[in-house]
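Order as written gives the chain letters A, B and C; numbering starts at 1 within each chain.
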Amino acid sequence: MTEIFGVPTQALFGQLLIGLINGAFYAMLSLGLAVIFGLLNIINFTHGAQYMMGAFCAWFLLQYLGVGYWWALLIAPLAVGAIGVAIERTMLARLYKLDHLYGLLLTFGLALIIQGVFTNYFGSSGLPYQLPQEFAGAYNLSFMFLPKYRAWVIAVSLVVCLGTWYVIERTKLGSYLRAATENAALVQAFGINVPRMITLTYGFGVGLAAFAGVMAAPIYQVNPQMGANLIIVVFAVVVIGGMGSILGSIITGFGLGVIEGLTKVFYPEASNTVIFIIMAIVLLIKPSGLFGRAR
Amino acid sequence: MPDPTSPAARVPFGETERTTAIAFALMVALFAVAPVVVYPVFLMNVLCMALFACAFNLLIGFGGLLSFGHAMFLGMAGYVCAHAAKVWGLPPEAAIALGTAASALLGLVTGLLAIRSQGIYFAMITLALAQMVYFFCLQAPFTHGEDGIQSVPRGKLFAVLDLNNIWVLYYVVLAIFVGAFLLIYRTVHSPFGQVLKAIRENEPRAISLGYDADRYKLLAFVLSAALSGLAGATKAIVFQLASLTDVHWTMSGEVVLMTLLGGMGTIFGPVAGALVIVGLQNYLAPLGQWVTVITGAIFVVCVLAFRRGIVGELAAWWAKRRA
Amino acid sequence: MKAIRFSLTALTLVVAASAAQAQISDGVIKIGVLSDMSSLYTDLAGAGSVAAARMAVEDSGIEKRGYKVEIVSADHQNKPDVGSAITRQWYDVDKVDVIVDTPNSGVALAVNQITRDKGKAFLVSGAASSDLTGKACSPNTIHWTYDTWMLANGTGSSIVKTGGDTWFFLTADYAFGLALERDTEAVVLKNGGKVLGKVRHPLNTQDFSSFLLQAQASKAKIIGLANAGGDTTNSIKQAAEFGIVKGGQNLAGLLVFLTDIHALGLPTAQGLIVTNTFYWDSNDQTRAFAKRFAERDKGIYPTMIHAGVYSALTHYLKAVEALKSDDGTKVIAKMKETPTDDPLFGKGSIRVDGRKIHPAYLVEVKKPSESKGPWDYYKVRATIPADQAFRPLKDGECPLVK
């Protein structure tokens, strides 16, 4: 068997694929952050908590209403997105005139509240969410054993990410959005309801986080802390990609997933620091991130 | 980033020197007699966190830079100090000095990376750098991972003062706090502090006036890191322990909260904020996870309705009454 | 008439009380349950440990004999500094006499030191580090339920003896995980097994698939999980997804609790091998206890940590009554002298280094079809007798052992 640095090539392919799957989650989460940041100029610290709420929402639906995975994929993002809309209308909207850092602080506080409440009611060891029947089993690729659900994760997140990119960069609605980022007053003057657009954008970004949460529920343990640690890594992904850059967040998300996957093979001890190290290097060379415009 | 609409938020507790001096004397007197009534170990915790918040405030309140990774300085100094005192057997003053120096060095390295950016970018980058430091502390053998460095000897300060006596320890900690507090006050009111404020208000103008903005910011960052380190090292001696708590990002969040609640950019705000938050955590501990919820709620309320903080509001009320 | 009888009983109680309390500091035996009430260990210790403590006090009947007992509790949040601050305050200000439970070795080691300095008593049930009866042993501490040496030894040796002779370790990369890996590896090698590889993952890893693929490729019969809490449940869950158990490899959880199995569900956790010192479905007495316990703790069945809190306090209260004193150092000495006997752990003893001695059980998680109802999760594969379950006294480097 051929080997690269002492690791069989076939095993390496497997690890690359796994990295790509993890990257799919980074991409979906950082995409939501990028969309929100692009228009609202707010770093949404609540993103991790909203991802967790998505997973919990799927669990509630199954446990109490007998509603399965497929409906949860639709209902959870809508429900959590609606909560996001309420948060934006009642709280975030009051902060737009102030320094953007206040938005960061507010969402940080909200994240603490949500996580605290969920831990109080559901403990911390987590709740089981069984894999939907359709995905039982796995594909036997010659170099690895790929669970069907993981293949699904990759496919769906690619569709979601590219779809979002298309809407924002290539449609009329998207052009309004981008225009509002540049000059809200002017877009408003053209008769477009900018505050409503901002509200819906926030709702959409949050819904994306919840969607990722539902996707995660069958493979990761559903617990109140699940988003807390992930979100800081995703922040780093966003910083590397260039804040507010849609395509940047998608590419960096997948790319860093792969790099992290490789680190897990060659030097696992560094697998949770590697992203931050890359971030430091990128910032030294290009402070606005790989795909970011200098602000 | 204090609220630009409120003049009071900029003014450290009335601008007059006299008011500040009276308030300062009052604060020191209160802390000097408090241990008679209040549990001294709790008060020492308040003093350490207050010093940490003051150091943080130096950066945000006067330099306009929101660091979301200040825990790395607190924690790293704690580890270095604890290791020096326990493993190398250094006396407490040397251990604390070494811890402070380590944080200053860390501040220099991270500062060089971070000050190239501003606003939210600065916050994210410091957060990510702190996370790196956290993982380093989790894995490095000398920190003992989850267990932390335990049973750190308190020793004798300058070979004379026995810190195992709780009263001696308390007044030593109070002295460190007062010294650092005065240093921060001097810095803010020195020409250096004025330039810093000018950069915060309008960086291009300050640069055009010939000030090297990056160098001033870096200096402020290193000073803030060193003072945070002093707080962390002192805390390690008080609790005879250095642990991961002090490097975790929740600690970075807490110090932001203390400063925000007390009043950003005010001299006494961070102290008031630290007193409230540490008190809350201490006396509400039986409520378990609800403490997190309450902490979060305070954050939200402060941001939405109470941006000047306790001291800022008091100062505004005072100014209004006199007007 | 009823009223008079009541007041008479009350009067006798008061008289008895003043006699008994003469030797008790402040007239109250104050028990502090220091536990994790909010994160990783909430379900396996937490509020359940408070319930267990309360049950121990009630069942002992000590209050009917005129003693006043008070239970306080606090959340150490798994932070040694928070834990040590609470401990100091409890001893100095609140006059707590004994601290129990304390999952998380870091916190327990801090409490251990302070308890020794202040001459109080510390009954450990939740923490794992075998240092508590080794290098850090103290005349004021008893380590009750389990420890890392016992987990490594119980799981390691029994599995090798039953045919699992090739191992791959999945280790959390910090002090606790490394110690667990080191101890287990030594046991595996000693019993003639082989370690084919190991991979160290960072604490709180979300995705284990990469590490699991490496474990799968090693073709080891046993994958030893030297991690805890969320890391363990996540690795078990994803191992099921990647068909590792179906592929003929077995997982050995080195630190897994009943509540973890409950969180995972049997379809995912089946076949997992774990070492425990208490299982609620062992005999009529444990079943009765479990039923009463579940009513008080949100339907959660007792883990070995809950049982340990109950058992340790039962023995503590007996010692206090025998001495008519709650002086920490004296009570712990008395506890070590007296053989233990309680409904949950049966008869046992406490060694001079503070180690409580009782048998351990190697259990396998049932298949969903074998389980008769909720919380019916384990079948016992082997019993490790009390004299072999824990580290020999001479190997611990405890300074109290001469």
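Convention: a contact is a pair of C-beta atoms (placed from the backbone, for glycine too) under 8 Å apart; a residue touches a chain by one contact, two chains touch by 3 or more.
In this text the structure is predicted, and so the values were computed from the model without any measurement.
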Pair with more cross-chain C-beta pairs in contact, given B-C and A-B: A-B
Most distant chain from chain B by Cα centroid: C
For chain A paired with chain C, centre-to-centre distance based on mean C-alpha positions, whole Å: 38
Separation of mean Cα positions, chain C and chain B [Å, integer]: 38
Chain A and chain B, separation of their C-alpha mean positions in angstrom: 33
Contacts with two or more other chains, residues of chain C listed in rising order: 38-39, 173, 202
Junction residues of chain A, two or more chains touched: 119-120, 269, 272
Where chain B touches two or more other chains at once, by residue number: 135, 139, 288-289, 291-292
Chain B to chain C touching residues, read off their complex: 39, 41-42, 45, 135, 138-139, 144-148, 150-151, 235, 239-241, 243-246, 281-282, 285-286, 288-289, 291-292
Parts of chain C lying in touch with chain B, wherever the complex brings them together: 37-39, 72-75, 79-82, 84-86, 88-89, 92-93, 104-106, 109-110, 113, 129, 173-176, 202-203
Of chain C, residues touching chain A in the complex: 38-44, 46, 173, 199-202, 204-207, 209-211, 213-214, 216-217, 229-230, 233-234, 237-238, 241-243, 259-260, 262-265, 267-268
Chain B contact footprint on chain A (complex, rising order): 41, 43, 91, 94-95, 98-102, 104-106, 108-117, 119-120, 232, 235-236, 238-239, 243, 269, 272-273, 276-277, 279-280, 283-284, 287
Complex interface listing, chain A residues touching chain C: 8, 11, 14-15, 18-19, 21-22, 119-120, 123-128, 130-131, 138, 144-145, 147, 149-150, 219-221, 223, 225-226, 229-230, 261, 264-265, 268-269, 271-272
